[in-house]
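Sharing a structure below in structure tokens format, with a few things to ask.
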Amino acid sequence: MSSQSILSFVPGTPASQLAEWMRFFDSTGTTATRQFLGDAPVIIAHGPGVDTRPPSGLPAPVAKVAVTGDFRLGRRELRPQGTVVRIGETSVGDGSLSVFAGPCAVENEQQLLACADVAAHYGSVGLRGGAFKPRTSPYSFQGLKWAGLELLAEARRHTGLPILTEVLDPRHVERVAATADGLQIGARNMQNFELLTEVGKSGLPVVLKRGFGCTVDETLAAAEYVLAQGNDQVILCERGIRTFEHATRFTLDISAVALMKQRSHLPVMVDPSHSVGIPALVEPVSMAAAAAGADALLIDVHVAPEQALCDGKQALLPDDFGSLMGKLELLAMGLGRKMAGVVRPALADAER
Amino acid sequence: MSSQSILSFVPGTPASQLAEWMRFFDSTGTTATRQFLGDAPVIIAHGPGVDTRPPSGLPAPVAKVAVTGDFRLGRRELRPQGTVVRIGETSVGDGSLSVFAGPCAVENEQQLLACADVAAHYGSVGLRGGAFKPRTSPYSFQGLKWAGLELLAEARRHTGLPILTEVLDPRHVERVAATADGLQIGARNMQNFELLTEVGKSGLPVVLKRGFGCTVDETLAAAEYVLAQGNDQVILCERGIRTFEHATRFTLDISAVALMKQRSHLPVMVDPSHSVGIPALVEPVSMAAAAAGADALLIDVHVAPEQALCDGKQALLPDDFGSLMGKLELLAMGLGRKMAGVVRPALADAER
Amino acid sequence: MSSQSILSFVPGTPASQLAEWMRFFDSTGTTATRQFLGDAPVIIAHGPGVDTRPPSGLPAPVAKVAVTGDFRLGRRELRPQGTVVRIGETSVGDGSLSVFAGPCAVENEQQLLACADVAAHYGSVGLRGGAFKPRTSPYSFQGLKWAGLELLAEARRHTGLPILTEVLDPRHVERVAATADGLQIGARNMQNFELLTEVGKSGLPVVLKRGFGCTVDETLAAAEYVLAQGNDQVILCERGIRTFEHATRFTLDISAVALMKQRSHLPVMVDPSHSVGIPALVEPVSMAAAAAGADALLIDVHVAPEQALCDGKQALLPDDFGSLMGKLELLAMGLGRKMAGVVRPALADAER
Amino acid sequence: MSSQSILSFVPGTPASQLAEWMRFFDSTGTTATRQFLGDAPVIIAHGPGVDTRPPSGLPAPVAKVAVTGDFRLGRRELRPQGTVVRIGETSVGDGSLSVFAGPCAVENEQQLLACADVAAHYGSVGLRGGAFKPRTSPYSFQGLKWAGLELLAEARRHTGLPILTEVLDPRHVERVAATADGLQIGARNMQNFELLTEVGKSGLPVVLKRGFGCTVDETLAAAEYVLAQGNDQVILCERGIRTFEHATRFTLDISAVALMKQRSHLPVMVDPSHSVGIPALVEPVSMAAAAAGADALLIDVHVAPEQALCDGKQALLPDDFGSLMGKLELLAMGLGRKMAGVVRPALADAER
């Protein structure tokens, strides 16, 4: 297994000083590479027993971590306070609890705007919706594609909510990124490394869904593909794994939420809807995710689930979503957290 | 698949009236069997298309359920308000959140009493501790056996906490039941049907742990073995299942907690300690379990985990357990629930 | 992890000489215990860095193995040539391929004798059949119990085939062992350690089925419970594990067959019928098991599967069983092995 | 679930006649689509209760299948005799057993040519080798990429073996297809539907590896993405799934081999090396795969496994590969099959 020392510096550290560090490593026969974690310059010195005492006159790193294995830029030690990811005006990872809601797939203008209204009304801070849908079968509805993306932009104008949408093909990243506020990598593409590299380059916030057959370690490794492009705006998303238990669609790995928070500085999102696939379980599982420390939830909401073209049966009805949002707010208080962006409808009405 | 109608009657319904119901079914050519769900007489009429309209002059059942398959006495429809299980003075399933804590195994008097004191001090409502330990290897410590049971009784006298302990062998049930307040069936024995039948006959409360390779449906079916003996004092316990993810010892199936609560009237307990096997994850997972609706938690606490003879590394230290109890109490408030038996230490100190 | 040296001696080594070895260990401050692996005396010297050079005048062990962990008596190093298990007149583990066939459950005299005839006709070397059935639900057929055991004895008289049957309860072992030729421990009881100890004491051959949620290591550890009683007549049986794939009832872990053969001296059996649960897959999976090195196969055969009271749908019809036996015989030739007990029907007919 | 009737016609059926069929469906209000299964025209008539009796004067379909769900072109009913896939001069799926061998990754000229020589010497019919490697971590060796592809072409000139290599990115397909004889879709990309569509368009033979978290049904559905492009040259490849058992790297799903053969007309390959990840298990598992009906095996062979840059520890040494090939040949005889392309070295030498 590889062994490295990682040095992280304050943003704005002059390139000349970093170059001196590189010369220092070179002089000691140590291979070193430069990267960025967001704005912060990072130097990775390869090999065991690396000497990382700062040569006099050079800036001391703000974090210095000895690392075995390939989990590097995402390690919590490099940023103990955690990373805040900004999607539109929303901050994920600042201690608040954020909810992103919307339909699984964009189906048409009316459906999308109605769902977006519901999401906004109850305090969702972002709108989810798939324009490009990865479907098990080539004969299933594959999404409205570019037209769906246009509709998402319209829904954003309509509600003010930033839009989060999936991208499937490295050839599409640039164009999708031109419209979306956040890019979602679906579970089936978590190890589509070409795609990860492209969304890394886009600079846009990335919601990286854990593959349903992938481990926590592999999820963290996949995030490195994005981080290695200098893009630190990554949210890890637990959405259930495959197990022998088929009473639910997947098995939400609740421990993984806490584990990823402890190991990595990246915020963690949970998708209860796709995990369980049963509306009646979305509420308790959402509550559990928040209590386990999730920074955000991703929830399927649909105004007419029975007519949905994709995964409709797992979506919450508007009223049930409203009820959930109320309970999450009370729960957040019990956790000493606040809900991002929630203006309680009753209060808001009274204030107007 | 079998098909039945289940009729449940108020406790105290005269045997003569139930006999008339049986004669009625007999007269219509329907096979019927009598059972009890706790004190409530139950008649199960077998076959599809059963006529269950009460013959005039006979008591109407308080619940009448048409059932396909073999999940019968545990169904929530038979007792929509839920079952309350009494272990000592503690009620599990009444809406409160109960914590049972203690060491994985009883090791000696000093260790057990110290752990029991910690459990009691921070508001645990019961003491867990294994006298008989089912170990993967015959060469591992197998528990203090009967001597361990004596020590548990001593710890009960010392702290007042009821004791919950595992039984492994149908030949031991009667003798263990004479001392314990609640019997635990371990995950490896969830489908040891001879043992389930014996603990059913004992009449004592039973904590039935889900097998780590068993489904929710199989767990509910295993509970029927206890219920079928007329013993309705059963707590279902989720303790993690085997999956490909090995970052944690098992994968806690958080959805199963909600699912079992919805399908069954039996209370649900969660064992975060054995699920995750990592102390740092016990707190977030306990919080998640409570938020998902668990009635009770079962937590390993040890005064010297590094010296434990069994599963020590997953036990919480006393301070961490105290910290968890404080957070659970705040969480319970956010959930609109109360914690069973908790006298907040600070308050208690002030009162003295 | 524990660390031991295991010394195995030739059968018949005088007790006085073993006692001298024990004194030698005692004199060097080493804890040692005596056991038997079949007829062979074994001394286990506990602790790291054990001195196992034979004191002069004492018999040298025939095998001497340094062992870390709790897998001891089953290790191949102790008996590189492998263990032969005798069930009736049949030898399992001598390089031949043995088939045990019969119905999942004993249902009545006519059914059992008809199935036994089929098994015998096509060259099965033993008859399988459950008198005590462990069923997920208490409301399912639980077997004919003692009456079923009597019928098995009758089928043995009728066909000459030794009988292999499951035992569920430690209280039943002695009485079942008085009739059966081999005892089967079902998957649900693989970690029912009280039961394992009892079947170990019985001295009868034991077919130990791997739990569907248990690892290979746990299976080997479970076998130690039997071996530790001095009973080396253990056959390990792979019968499928639980995975996310539900196209088959369980997932046969074919690698485990080879792995158990390499790690342990115990013979390995495979149960294709319960693994796959689909008759059309029994043949290819049986072929695969034999090619992977299995010593024996356990196959459900039924004369009227559609009327079976238990797991009927997975049983082979007589003709299909006959066809499989023919293919296995050709396969065995390709593997340089022979089939135990097979007299090819065609040849046999010609000889008459 | 969707419901269709699929009609398959003989290759060369005039377009005019197919157009008449389309008009016929149109006249009955049935939506129909035209596709190809290899050279054979196929018409899919959507909807339940489709009338598919041939209008007089029109060609009767050679196969007519009523289908529920989305598994369409791959169904065995459409081509009961099975599909033969041609990779270079090799035929996979004609009843013979083919072995493709080579290193996991192309590392340099010397390594590749040495491995290719070994593959060819012992009777491999194709050379495997990765130029583009999908690696869990961005910091691992990612393959020699285009330079690796050149080396593969050189190895083909050197040995005459057709080359099979993985493609990762839809943008690379055309260029890789210009050199390779067969394209491999790795397990991590089995549901990278954009990539599947591109390799479908390439017309080259495709080895589609089952995702380690994907079901058999999903694997068959993924194959439809390739088939739907008119490319019927698809080999399904079982390479192990993720389960709780970690004694092997993955768990080879041996039943899936037989199941895919029964459900689909596509040939099935097995990759024992990646399934088990342990050289000592490759032989028994290869034997099992062949006995279960696999058409082909994909085996890692390396001349210096300990120096391999990727997955070296699972590769067979040349001698072990030779030994395996000898055993497979004997096994094939026992199965009534022949090994493709094998000229036994000893015999060949003698004959010359």
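Letters A, B, C and D mark the chains as written, and numbering starts fresh at 1 in each.
Operating definition for what follows: a residue touches a chain if its C-beta (ideal position, glycine included) is under 8 Å from a C-beta of that chain, and two chains touch if they have at least 3 such contacts.
Molecules present, by chain and UniProt name: A, B, C, D = 3-deoxy-D-arabinoheptulosonate-7-phosphate synthase.
Remember, it's a predicted structure, so these values are computed and weren't measured experimentally.
Centroid distances from chain C, each centroid being the mean of CA atoms, peak for A. Counting the residue numbers that touch the partner chain, chain C and chain D have more than half of them in common. A count of C-beta contacts for the chain pairs A-B and B-D puts A-B on top.
With centres defined as mean CA coordinates, chain D is found 50 Å away from chain B. Mean C-alpha position of chain A lies 37 Å from that of chain B. Each of residues 213, 241-244, 246 in chain B touches at least two other chains.
Residues 213, 215-217, 241-248, 251-259, 261-262, 275-276, 280-281, 284-285, 287-293, 330-336 of chain A touch chain B in their complex. Of all residues in chain C, only 2, 70, 72, 134-140, 168-171, 188-189, 191-194, 197, 211-214, 218, 221-222, 224-225, 228, 241-242 touch chain B in the complex they form.
Listed in rising order, the residues of chain C touching chain A in the complex are 213, 242-244, 246.
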